[in-house]
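Can you read through this structure? Questions will come right after.
As written, the chains take the letters A, B, C and D, and residue 1 is the first residue of each chain.
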């Protein structure tokens, strides 16, 4: 906890800082008049058309999901990188490289499969 | 945060000062960016208000404060107001974990009729044991500020800008994470202080089981990880949403992206977040690849206090180790700042030099070029470390 | 038995209790919410509650197998969320509906 | 004393955020409260000495999985539901009771195992926890680790396949 307390204090401080500034700005600034045109979504001056559901390409979700999977594979490499020198000093260098090599081979296969399957292609 | 009230107060003040430094550097960087872009494009830039146009910053601040308060009629006010505050937090928290100089040793002293024991103050807001993972974890929250802004505005341009921004941020996070694996492999630690201290030495590596030392070069990461450094730096551009990767706010197609509906101080807070990320990015680059706050043959945590000792004596400050240690830390802090300024200038120069990518080119670069290259960098580093340590003769 | 000491001396039991509360919240979300996505969020909450108890046990017994197990659970949970959301998006694209009641008609 | 204050404030926020997650009608708000819950759990892990796991929690859950949830909810663009829970007061009560019963059983079972654990003398790790974790992961749990790599590959392939589903028996158009 002793390590985490300053982080929490700083986070709270940033929030207070931001909220105070927003509050000050709202005190000083001119109030918005009741203006229907201004209240509309800004769409470059054209009559607003934010009614229908917005169509969003499925690619964004696919990208996010694939990101999660690859991110975890990368996270698995962090403890490996951290202990790599310990394993080397213990004379198990080939073992640790080979075990990560198998994992990386699966990773590389997955990445190239995704690239080949055009899942990562935009437009 | 501290065992007694003195240590607690100093740590708290230190934290606030570092955060305020980060906030105050934003208008300065904006000024540098405007003057710099004018210089690059052979214009004059802001030069009317005050000397060199420096008072422009104050004028801007006044304008920000007095700008009309506005929430889009269709939007979600709660999310709309939270978003700019959320956008500031990740950069501030990440910047706090990066060491800005060597620790300051404060001797025991008597004050206010009380004895205050010896202290060691870190030159950073807080030290987290797993520094790198902490910074990565906190800065991965940056996507939320953008997504909240896009959704809270309830505007098609804003929503698309937000989606593009978050998709781009997470795509480049992969290449960034993999490039950092190379650094961890090299130094064998998650801790920033360990990484910096390892670089304050002559260039040394193992070759066929023997230690080779090149005394005239510092032991900087860039000599071992040139490819990783390039990948990390490019990924940092995408993380900060700056040109050539500023698709989220591509003016030609999306008005202004996720901050289309924002004005005044709320808009300024997004700027603080963006420039804060730039600061974090350049601090990370310097810490990982360019020796952090050290400059090996001349300025290291050992030599800096010795250099500053005569100066402390000259000013008549008692040459206790406290004053000397503080001056030495400040000297090393200046070293870090100079290195960071170089990177910040590269950020600005690139923005005004390179054209914007197309979105498919951007994703293509992130997933199909940088990710495989980062993988190659990791594998090559691991294999090289193993092969070079092996004693082939015996 | 229940003295002030029991509350002030935070030990394993407190964390297990907290984890139990979070787990039941997650379970209530899965059983009672209508929205498929919120149900998936309930699953995540349950898995995280279990993770908390793993870590608490690991600290108490001083061995790190619990940490490894949490690592694995996180991996599986993220994979589960990925597949679940991919399915939800696929279903939404076709039927424009996320109410769980609706999926009773998904037969054949 | 400080430990108790830290624990209870953390526990209060965790329970509050988790409660809001499952009760707010608007799914986007639920997702945002869940983000806060995840960050709080990360803090709890950190507090329990699992620093690396806390970092992974932040990166994977708060930074990746929840971003995906929020993005998906933005696609759906759901208006806030009038009622967050499904119909049926009786079955609802039954469900709450069964959840509470299960939680009670789990806590009871765990507490009885606490008594067993207390008899062992807990050998506190001397080495850096993260380093120990790495060594354990790549020696004792190597096969599980490799299997997870293959699982992730299978999931990645499956997700791409699911995202390409077209047609089907119940398609409305």
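Throughout what follows, a residue touches a chain if its C-beta (ideal position, glycine included) is under 8 Å from a C-beta of that chain, and two chains touch if they have at least 3 such contacts.
From a predicted model like this one, the values you see are computed outputs, not experimental measurements.
Student: Give the chain pair, either B-D or A-C, that is connected by more C-beta contacts.
Tutor: Output for the comparison: B-D.
Student: Please indicate the chain closest to the centre of the assembly, with centres calculated from CA atoms only.
Tutor: A
Student: Determine the centre-to-centre distance between chain B and chain C, using the mean Cα coordinates as centres, and give it in whole Å.
Tutor: Roughly 35 Å, centre to centre.
Student: State, to the nearest whole Å, the distance from the C-alpha centre of chain A to the C-alpha centre of chain C.
Tutor: Roughly 21 Å separates the two chain centres.
Student: What is the distance in Å between the mean C-alpha positions of chain B and chain D?
Tutor: Spacing between the chain centres: roughly 30 Å.
Student: So how far apart, in whole Å, are chain A and chain B when each is placed at the average of its C-alpha atoms?
Tutor: 17
Student: Can you list the residues of chain B that touch 2 or more other chains?
Tutor: 128-129, 133, 159, 163, 166, 170, 173, 190
Student: Where in chain A do residues touch at least two different other chains?
Tutor: Expected reply: 3, 54, 56, 58, 60-62, 64-65, 67-72, 75-76, 78, 82, 86, 100, 107, 114.
Student: Indicate the residues of chain D shared as contacts by at least two other chains.
Tutor: 3, 52, 56-57, 59-60, 64-65, 67-68, 71-72, 74-75, 130, 133, 137, 148, 152, 155, 159, 163, in rising order.
Student: State which pairs of chains touch, listing all of them.
Tutor: Final set of chain pairs in contact is A-B, A-C, A-D, B-D, C-D.
Student: Per the contact definition, I'd like the list of chain C residues that touch chain A in the complex.
Tutor: Interface residues on the chain C side: 74-75, 78-79, 81-82, 85-86, 89, 93.
Student: Show me the residue ranges of chain A that touch chain B in the complex, using the header's touch definition.
Tutor: Chain A residues touching chain B: 2-3, 5-7, 9-11, 13-15, 17-19, 21-22, 24-26, 28-32, 36, 38-44, 50, 54, 56, 60, 63-64, 67, 70-71, 74-75, 77-78, 81-82, 84-86, 88, 93-94, 97, 100, 104, 107-108, 111, 114-115, 120-123.
Student: Within their complex, state which residues of chain D touch chain A.
Tutor: 2-3, 6, 43, 46-47, 52, 56, 59-60, 64-65, 67-68, 71-72, 74-75, 77, 130-131, 133-135, 137-138, 142, 145-146, 148-150, 152-153, 155-157, 159-160, 163
Student: Using the touch definition from the top, list the residues of chain B that touch chain A in their complex.
Tutor: That would be residues 1, 11-12, 15-16, 19, 23, 64-74, 81, 84-85, 88-89, 92-93, 96, 125-129, 133, 153-157, 159-160, 163, 166-167, 170-171, 173-174, 177-178, 181-182, 184-185, 188-190, 255, 260-261, 264-266, 269, 359-360, 363-364, 367-368, 371-372, 375, 378-379, 382-383, 385-386, 389-390 of chain B.
Student: Which part of chain B faces chain D closely enough to touch in the complex?
Tutor: Residues 79, 128-130, 133-134, 136-138, 140-141, 143-144, 147-148, 150-151, 159, 162-163, 166, 170, 173, 190 of chain B touch chain D in their complex.
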